Amino acid sequence: MNVEQVKQWMQLFSAEIEKNKDYLSQLDTDIGDGDHGNNMARGVKAVEAGLAKDQPTDLAQTFKSIAMSLISKVGGASGPLYGTAFLEMAKAAKDDENDLPALLQAAAAGVAKRGGAKVGDKTMVDVWLPAAADAKQGQLNDAVIDKLVAATKPLRALKGRASYLGERSIGHLDPGAVSTGMLLKTLLQATK
Amino acid sequence: MNVEQVKQWMQLFSAEIEKNKDYLSQLDTDIGDGDHGNNMARGVKAVEAGLAKDQPTDLAQTFKSIAMSLISKVGGASGPLYGTAFLEMAKAAKDDENDLPALLQAAAAGVAKRGGAKVGDKTMVDVWLPAAADAKQGQLNDAVIDKLVAATKPLRALKGRASYLGERSIGHLDPGAVSTGMLLKTLLQATK
Amino acid sequence: MAANTQTGMVLVSHVPEIVAGITKLIRQVAPDVALTTAGGTSDGDIGTDATHILQAIDANPATDLMVFYDLGSAKMNLDLVTDMTDKPLHRYDVAFVEGAYTCAALLQAGDSRAEIEKQLAPLKIK
Amino acid sequence: MAANTQTGMVLVSHVPEIVAGITKLIRQVAPDVALTTAGGTSDGDIGTDATHILQAIDANPATDLMVFYDLGSAKMNLDLVTDMTDKPLHRYDVAFVEGAYTCAALLQAGDSRAEIEKQLAPLKIK
């Protein structure tokens, strides 16, 4: 992975979020507070502005810039979660790591730690952790990602706002899992 | 007890509260939110205005008028507590009860029930319940009342705002116990 | 998944801003819930009084009310008010913000009072 | 009985009015406590963000901070911020209003953090 690919990734992700903003907010209306699309849209806009301003020249700087934008602008749980993912990739990249599976592994572990969620709790962690494991096996692709996202639907939420709904959270996709699916699919596109 | 005596009682109590407003608020500053004097002053002013407006002709109406004024104007825990005391006396008076010890008994039981406090919890109940029992024995006087009030000082509060302070509530008089002392002493004056 | 609007919520706080703020938090997840509030005394001071609480109860369109409050004097006023209104009042001695948020989210999801009470049980602290 | 002003308090909420209201409630019993707040996002929207929380931490004159919050995203932002500041942050997963009120009353009475933590323990609900 290199700086140009990350920038490409962020452009693709940004476009995807913009396109699906209302959809993500609708998913979040069903089992949350209805702001996930707006939160992410605010986030990716800040990421683009941040990269333009910071002009990072190496991977670590690039990830750090993205992380800081997400942390300060998303304004929901997904802010510190995605922010931590990119902070962890920045840390790994500082140690000269640019292998995609290793970076994803660091990101996924960071997200899981930040939220205290396990796989099966119906959060974005349900996509992050298995996807990172699949990437390590060289088996991450769009179909795998779609399956991980879809698998959140029958679950009962144990973390985040949806967990307040108890049983009522069953039968809905987790909004953060859906946006994580978009993040990973655009990553595959940008690095293929 | 008759209507004229109750009116006399309220005038004496009102004057006593007015005179000790700052003292009561200071006691409440030490182990509460510092408003007990103001709360009571607002309450007794409303009582006087209420009685002038309602022009009650029997004991039950008189107690009811006092209760409603306290309930709607005190604005602190002492509002529902004193309000309940007078509501209970109004109920008892409706059953043609005008014997002072019996009325006090009804009031004290009402206060204890409303606040869920026992004797020893460092609240106004520490004065109400023993004083009502003493009245029944014909042994209620100023010295007895002063002793009951003073006995709240070494206690640790288990109810009300002071209970948040735990051990720190020890060594202070309970403000509601002090105002209850004033209420009972002026009652003795008005009925002697 | 229609909201439960037969059961309403009443919030009682010593401070007007607290119930105004919780209302904002709740409205994000529960736009349709029958919610009324009494923040501060009738005169707008810090404190609670029965008159103000009765107004919030009367103003609530629901028939059955779940009530949340901050501190003890609100609790005593609530108990007093229970004797003064015909509407069934259910008082919860739970964490104020967290309990009210949970209740609102579940009413919006259509849950019954009995179902919601199960979720409120672990939040009891008073 | 001098107030403990070495230990401060930070309140984090999704909604500005909630922390403004709790501050009013607290100031009645704890005029001298070192208290700062972050209500809503930096932009004034409903939500929380690390930048706003950091501002409240920096603005607090105390050296050791006890932190209270409403919902989970505030908690995650707090944990993130813990890595970004030198001030020791102690996060309490307790009932928000009730925990903050208790803490403030005890700091005003001069209690130490260790003593206060004992009183906060029964309020843990998160």
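Assorted remarks:
Lettered A, B, C and D in written order, each chain numbered from 1.
Please note the rule applied: contacts are C-beta pairs under 8 Å (C-beta built on N, C-alpha and C of every residue); 3 or more make two chains touch, one makes a residue touch a chain.
As the structure is a computational prediction, the values presented were derived from the model and not from experiment.
Taking each chain's centre as the mean of its C-alpha atoms, chain B lies 29 Å from chain C.
In whole angstrom, the spacing between the mean C-alpha positions of chain A and chain C is 37.
In chain A, the residues that reach two or more other chains under the touch definition are 35, 161.
Shared interface positions of chain C, defined as residues touching 2 or more other chains, are 28, 46, 71, 101. Viewed as a network of touching protein chains, the structure does not reduce to a path, ring, star or complete graph.
Of all possible chain pairs, the ones that touch are A-C, A-D, B-C, B-D, C-D.
Against chain C, the residues of chain D that register as touching in their complex are 13-22, 24-25, 28, 39, 46, 70-71, 94-98, 101, 122-123, 125-126.
Those residues of chain A that touch chain C in the complex are listed here as 32-35, 161, 164-166, 168. By the touch criterion given at the top, residues 1, 28-29, 101-102, 105-106, 109-111, 119 of chain C touch chain A in their complex.
Across the complex, chain B meets chain C through its residues 35, 39, 71-77, 79-81, 83-84, 114-115, 159-161.
Taken in their complex, chain C has these residues touching chain B: 41-43, 45-51, 71-73, 76-77, 79-80.
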